[in-house]
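Below, each structure is written out as structure tokens.
Two complexes are shown next, each including chain A; its partner changes from chain B in the first to chain C in the second.
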Partner chain A sequence: MSDCFINGIASISAQPTTDPGTFLEELISYKEPIFRCHDPNYKDYIKPAAMRRMSKSVKMGVTTASMALKDSGVEMPDAIITGTGMGCKQDSEKFLENILHNDEQFLTPTLFIQSTHNTVGGQVALGLGCKAYNVTYVQGAASFETSVMDAQLMLSEESGKNILVGGIDEIAKNSTLLHKLDGQIKNDDIDLIDLLDSNTLGTVASEGATFMVLGAKTDKSLANIVDVETISEATPNEIKADIEKFVFRQGLSLDDIDAVVLGNNGDVKYDNYYKNLQSSIFSNIEQLCYKHLIGDYYVASSFGFWLACKIFETNQIPSVLKVNDVTAKNHNNVLLYNQYLGKNHSIALLQRC
Partner chain B sequence: MAELREELKEKLIEQLSLEDVEVSEIGDNDPLFGDGLGLDSIDALELIVLLEKDYGIKLKDPKEGKAIFESISVMADYISKHRTK
Partner chain C sequence: MNKGIAITGMGIISSIGNTVEENLNALKSVSPGISRIEMLKTRHSDQIMVGEIKKTNNVLEEELGLEPLHSFSRTAMIGTIAAKEALQDAQISDINKYRTGFISGTSVGGMDTTEKYYLGYNEIEDYRRFIQAQHAGFTTQSISNYLGIHGYVSTISTACSSAANAIMLGARMIQAGKIDRMIVGGTDALSKFTINGFGTLMILSDSECTPFDDNRKGLNLGEAAAFLVLESDAIVEKENKKVLGRVAGWANANDAFHQTASSSDGEGAYLAMNKALKVANMTAKDIDYVNAHGTATPNNDLSEGVAMTRIFGEENIPVFSSTKAFTGHTLAAAGSVEAVYSLLSLKENLIFPNLNFKTKMKEFSLVPQTELVAKEVKTILSNSFGFGGNCSTLIFTK
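Let's look at the complex of A and B:
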């Protein structure tokens, strides 16, 4: 793969992560299995006239896109690529409710326009006046990584481009509750910080957005995305072999990996994918988890990219992230692995610049 | 008529998500589009649906909206003359 540097990044999550001067120092606790993100003051980033029609995912996306662009010093990207598992669920639900309540009549345009998966990419482009390549990937828990792969391919063809890549997913009243009914979300209240040891079925649902600006190396570069791979379905042992091959393909061995960022989400049925790695090939590597802070959603793995960048930037690892006793001397190579319901696995290697 | 004008202002704020606007801030004769309340073409479509849904007025030609939606006063006057519910 060609060089693909993260030159700006911003994330909105259930924790206060939008202040660039802090790194998970003050944490918010949650007790319920469904919780919303910690909102920044959106009015600081979006004009009131534009914001009045925006649902949560659009506000989160437009804001993090704006922050990432500012962070990178790029004013106009050469492409906008977004990933989302479920798209703009809130407006989709409202539009469907209107269809039912009004007997398929009196349907208004706003909710329809804003109920598609690519609404966020479109709104970011409209706000910037950007008429460049604009694509949205919907690939379950690998939606964000699929977007990154598209950006990598684009940069391999033309390295001078600046590409805005983001992942967004929001909670919506009805569809999120459906995930509770089918067992994806835990039925009982849980102290979020204890999520990884819950030993029960399902996870906790939240929402968030992460945007980053990818391009050639600059003095603002935070990390190099060495490679990204997605795997649709695999067994825990197949994933173990895939990760070993992935690392080897980069000309590295597992001894070269300083830390692994894992997507454990407290679902006893599927966390064995992670535990199988944690007790074997990752046993001598510093292990970090984050979903006991931000919950899970289809693009939650994008938070792992933000974490890796913050680690490179601050040279600090907040103790709340650590799940084993290994501490790396330096953090130069950070490996990310995530899956959801045993599907849409993603592996990424980020390297310090 | 004053009651209808107040009702319309409340409906506008709710239907068009004018979160930062109070009823008292909308003048009866303020232009709704352009320099006044700053509504746009998507809002015009929302108002056409509002007329039909709440007052039983179906605009045959959407271009009629340009004159009808000039201000709250003009809207209220048109509704009072043509409403079917």
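Let's look at the complex of A and C:
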């Protein structure tokens, strides 16, 4: 528990989530199991000369970082913390393929330079001239949450800081395709909106970025991040107990939770982690899902943070998010839970401020 | 002075030894581990010198008792060996007796398996269990699952400062009471990806690297894993544990100069060292020895040297050395490898030498310690810098 408020947030996803003043009113439909994000006009945020060298991750990251900073009114953050499951996969893949196809010959440094996981964090720092603390977490589906935990820890060590925290993951042509071979991605086309009831193995893959500015409470504060926890591996029933403990630790009971935001991704093999909760401790709570709108990727759960902020801001719940019949009177406490392949579970509690 | 966080165990595997004891013996007998590459097939084998662990993957599998179909990537296997030794050293048998977490730094993760199987995934089903090894967190979880740690597990990837940042985060989390015990460190195996990547940057030396020498030609890549056990003082007191040393200072800053190159004024390195001294509540005069990043690239050693003169004053630089000529530059693991060496320095009261140094650099009068020397050492400052402008400094005390 700490004084950790979201004072600015921006998210690029497969839906037009960067358009101001909208909240999932107009949805883009997708049919293929791998689809890219809906691009904002990157030129509004990045100079053309710089953009030519930038990979998708860097473009998405630099743009959402800049949007979140603007939203918060903070010009220079006191730390930059990024999370990514796969890092700059496109450039890594191209460099790897060049090595393998050309027997380690005729290589150029640019792809290698841009392939490291901390490229986005480094590029955001470089763009801002920010010499402060800078770390990148790479922990699968918990990459974003471990970044938030570091920021939260930092604010408990020294209040008054403004911390830029972001999650970024991009699709890479062939590496993402490999996830069809090992069952992570569905083989057949599916209407994205029907993802949650697909009853087949695997999910659908997309990409996106979310950046937030965290700090002490201001008149711009959108939400309070009460607490975040990650759990590397656990069974569905262990997770149930962990979530109860997590809520009690905040001095709350499950009755105090107004809505849960869940990471169901339509993978019949692993959605039981959510269903086990939906039919028990969450059965009387309003349940919201979002991966049938944006697909799944390692930092997709960052979209849940964006959703909670939007709910607090607009006092609206787009009906497309609702997966049960319970409707909360007010939305003051929103609990997020996500996992991928039964690993890298994350629990977070966001509170209206 | 900040009392710091207790270190109660350490483990390491590198090109100079498979255990802490073997590493110490090699350092004491000045036996570097730089050779031609043998375990990894690359067309550059005659052009570069590396710090390679002379064990095949099959041997590593056997040592860990892994079935071939459940084997890990090389990065995960050497990581597991080092982490296991650290736990044994700390005499931990029941890993979950206290809230225990695991933080590993890695830059290549499972890249060694990816590059081996990438072109075969379509045809060969047995390979496909390594598809997930493409994300670095998978490597970390191979290790944490082996150790039985299932709660807080994270991976830091800030290139060559990753393990230093892992140690820093563990210390901060224990200090804040978020967790009781944290296994921290880093692991990176040699891979074609990094050999060719650093090759395209033209910073690989074709002979033994010469840190801080005016004629330095570049770095030798190395592979290694090293982990420390950090424990709260409550555990240390309750279980009357031996303490190897303490992490008393830490800081991370960004050079914000270039994606891969360091600035000529060493601003990021300066900020990291300066802040670490503040966290440790020390002044530059308190430092007895600096274990430098000293990769032997023209750019790093100049930038780091300038930063050291700014911190200590050119005339008052403490004894310093880079141990990279023993192990090669072990990338994400470097910070924890050098943390182990720092703890050995504290314990043995020895300064391990900066090998292959002959000529002072033109830009300043800095001369590293070139021979093994006995010296009372109480505080050590250790630097790790990486791509993305990431600069980290740790301070270890007795």
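To be clear about the criterion, the second predicted complex is superposed on the first by the 350 of 353 C-alpha atoms of A that agree within 3 Å, B and C clash if a C-alpha of one lies under 4 Å from a C-alpha of the other, contacts with A are read in each partner's own complex, and residues count from 1 in each chain.
We adopt the following convention: a contact is a pair of C-beta atoms (placed from the backbone, for glycine too) under 8 Å apart; a residue touches a chain by one contact, two chains touch by 3 or more.
Predicted model, so just to flag it, every value in this text is computed and none were measured.
Undergrad: Touch check for A:S232: first (chain B), second (chain C), both, or neither?
TA: So A:S232 only meets chain C here.
Undergrad: Looking only at contacts as defined up top, I'd like to know whether chain B or chain C touches more of chain A.
TA: C
Undergrad: Which holds for A:P48: it touches chain B only (first), chain C only (second), both, or neither?
TA: A:P48 sits against chain B, while chain C stays out of touch.
Undergrad: Between chain B (first) and chain C (second), which, if any, makes contact with A:D150: first, second, both or neither?
TA: second
Undergrad: Just to be sure I read the superposition right, which of the two partners does A:L107 touch: chain B = first, chain C = second, or both, or neither?
TA: After superposing on A, A:L107 lies in contact with both chain B and chain C.
Undergrad: Classify the contacts of A:G21 with the two partner chains as first (chain B alone), second (chain C alone), both, or neither.
TA: Once the two structures are laid over each other on A, A:G21 reaches no partner at all.
Undergrad: Report for A:Q139: first if it touches chain B alone, second if chain C alone, otherwise both or neither.
TA: Second partner only.
Undergrad: Touch check for A:K131: first (chain B), second (chain C), both, or neither?
TA: After superposition on chain A, A:K131 lies in contact with chain C alone.
Undergrad: Show which residues of chain A both chain B and chain C reach, each in its own complex.
TA: Correct list for chain A: 105, 107-109, 113.
Undergrad: Which residues, counting only chain C, touch chain A once they are in their complex?
TA: Residues 42-44, 102, 106-107, 109, 111, 114-115, 118-119, 121-122, 128-129, 131-132, 134-138, 140-141, 144-145, 149-159, 165, 169, 172-173, 176, 178, 192-193, 195-201, 251-260, 267-268, 271, 386-390 of chain C touch chain A in their complex.
Undergrad: Going by the contact rule set out above, which residues of chain B touch chain A in the complex?
TA: Of all residues in chain B, those touching chain A are 15-20, 38, 42, 45-46, 49, 52-53.
Undergrad: Which part of chain A faces chain B closely enough to touch in the complex?
TA: Touching chain B: residues 48-49, 52-53, 102, 105-110, 113 of chain A.
Undergrad: Once bound in the complex, which stretches of chain A touch chain C?
TA: 80, 85-87, 89, 92, 95-97, 99-100, 103-105, 107-109, 112-119, 121-123, 125-126, 128-140, 142-143, 146, 150, 153, 156-157, 175, 178-179, 181-182, 184, 229-234, 298, 341, 343-344
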